């Protein structure tokens, strides 16, 4: 599949053509806050079981973009979107599609860790299931497994009944990732997951993203080009609400074709 | 999605539909009395309104409530003259000396005072003013309303003045302005639009206050000749007529209610418009 | 941004302040402190002067004032139990009716209602709070009470039981409770709305992103987070119910009786003061009414203090409400 992408890219084809290998894709997606347009007709595939990074200066619409993917954009007052987002080839904006079901399949991790402060670590992990009205049979095993996946088990196994807010920032963020993984999502969206974390916690999250890429389709928004280069397979550069360039990460960071991308990654603006 | 999730999802979806519908029903139920009250006040009130209602006092045959309308306005103006400056001064002090023990204690007692039943304010003013002067008076009524206003104005001023960014205070202080000038000309002026609408809301609130007037301003069938005379107000007159079995008086009470509600709502709308203008401009 | 600079103003700044306007600043401080202090004094003054007027009654009746319910000014017999009972019963019934509806309105305004309706409904609810209580009293006496007499109470009487029997005149505990419920509703709804709004958006988003419906998010995340504040809103409503005077006085029936029936006329602490104080003849009568007022004061202050503490705590951390947070302000400099 990757070969086909490479070939298409080599021929300078538009990205619609690679949708064959895409888990999700945006098609001419535009988004507004009130009168202000935040995204301008974005068409972008998100390749299955790969990490796609979205980079760009603040206000370029990268967070808005991923919030459109799981229909969290519309939660904000005055926000709306046009165009389409496909998940396994089916529109998530269809008239008969309940956003609740989309969000089950497309998990999200936020910029600021947001564990539920009234719940314990254990209950936070199970929150997604409980919110869905499900009481899993073997919670202990599930909690251990999921916290293990999120590389947090060893640190919190003795503190499962402490409130989620009592953990350190990095631990909180991994708890939020665990909370998301407990629902077995197909796609995981991460909105600047490390921006409020120190370098050590950031390294742990990046490692975790590495470990998860085999099982999930991951989209990471980041303002750090180094991070994008470290974690992503594909990288998209957004500027002023437009998709400027999308390619293999190593191509974007070594020989970008658009001068604006080059300016950005070499630090000439942003 | 697993079948387990799928079946749980269906149950949740039902709840997710029922809950907003139930909250919508609560809204309808809550607004029903509002519309009922407005409908009755408007229809019965309009029927009983006449020119004499606005020109003749209660004590004249077939008459109106000119003295009560005048009394309500007189008391509210007097009360505002006492309560607003004092309230703004106190609020400004609370904001500028926000974390001193005195400020905290006063802020707390303002909150508590705002929750004290207004009829008790009437008892106090009766004990302090009416008993001393040996008569009911407009002055006593206005004092009672001023006490009701005081915590409202104080807390609004306090909140809004504290919301003025410290960078503005610093800028003024750094220009060599003394503290009191900074407070009056920078903080107060910045917060002024909000404070103005807060004061209007407080005025609206006391325009309808009845309980503290029952034994301070009392009532009067004619215009009061001085501030030291008992004074009629729309509020007390409505209550007096409500408690009688006389249909003509009930009609008068509806008319008075229409005038009072209009006054209160105009003040409320004015206050909110001020806020809205401030936000948009 | 310059947090440090704010809490400890530079030395030179402080010097310039004192050098330029020292005495004027002291005057300003004194005037402000005087005004603020006056406000504090008002509260103490309320308690003290009510207690002073009430003293003859406290001396004469002692504990029997709160343990007996016989109230007969013509024989100078004063027992306030029936008033306390009436106040509590009407307030509790009013709360039981108002709280579910008010919470429904609050969640409509924050989470569940269509956005385009939220603002107009919010203003209408505030309008509901703006109507003077004497107007509610007029409406209740001339519209609600007859309606109860002709339609509602006969229907309830068919249900039977100790609550729904006895003379049916319209005026009474049920009518007072209903009008109280209407008046409490906007208070409880708007304070709960503020408390729910103060729940950080990221918690709501976190729940929604996990596939919660808005109702699930509300039930399992938002509400647990806000429950203390919502409880405070209910207490605040209770404080208002206890103190509400004019509307209740108009319809409660004005009889110092303790009867289990909701149809029966009753009396409340605030309405007995409103009705009898202006016409009170003997000194002991005035004192007894003031003692009722003292009781009322203690109850409402207790509830208000509890409510404000709860609401303030649950608002902590929300940027709009900074009450409880210590503020690094220029205020500390002087």
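Letters are used for the chains, namely A, B and C, taken in the order the chains are written, and counting of residues starts over at 1 for each.
The rule is short, and it goes like this: a contact is a pair of C-beta atoms (placed from the backbone, for glycine too) under 8 Å apart; a residue touches a chain by one contact, two chains touch by 3 or more.
All values reported here derive from a predicted model rather than from experimental measurement.
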Contact-pair count is greater, between A-B and B-C, for B-C
Need the most distant chain from subunit A, centre defined as the mean of C-alpha atoms. B
Specify the chain with the shortest distance from its C-alpha centroid to the centroid of every protein C-alpha atom present. C
Mean-CA-position distance for subunit C and subunit A (Å): 47
Cα centre of subunit B to Cα centre of subunit C, whole Å, reads 15
Averaging only over C-alpha atoms, locate the centres of subunit A and subunit B and give their separation in whole Å. 51
Residues of subunit A touching at least two other chains: 100-101, 104, 132-133
What parts of subunit C, by residue number, touch at least two of the other chains? 213, 216
Two or more other chains are touched by the subunit B residues 12-13, 16
Subunit B contact footprint on subunit C (complex, rising order): 2, 5-6, 9, 13, 16-17, 20-22, 24-25, 27-29, 31-40, 42-43, 45-46, 49-50, 52-53, 100-105, 107-108, 112-113, 117, 121, 123-128, 130-139, 141-143, 182, 185-186, 189, 213-216, 218, 236, 239-240, 242-246, 249-250, 270, 273-274, 277-278, 289-290, 293, 296-297, 300-301, 303-305, 307-308, 322-323, 326-332, 334
In the complex, subunit B residues that touch subunit A: 1-2, 4-5, 8-9, 11-13, 16
What does subunit A use to touch subunit B in their complex? 98, 100-101, 104-105, 132-134, 184
What part of subunit A is in contact with subunit C in the complex they form? 70, 72, 75, 77, 100-101, 103-104, 107-108, 110, 112, 114-119, 127-128, 130-133, 176, 179-180, 183
Complex contact set, residues of subunit C against subunit A: 115, 200, 202-213, 216-217, 220-221, 224-225
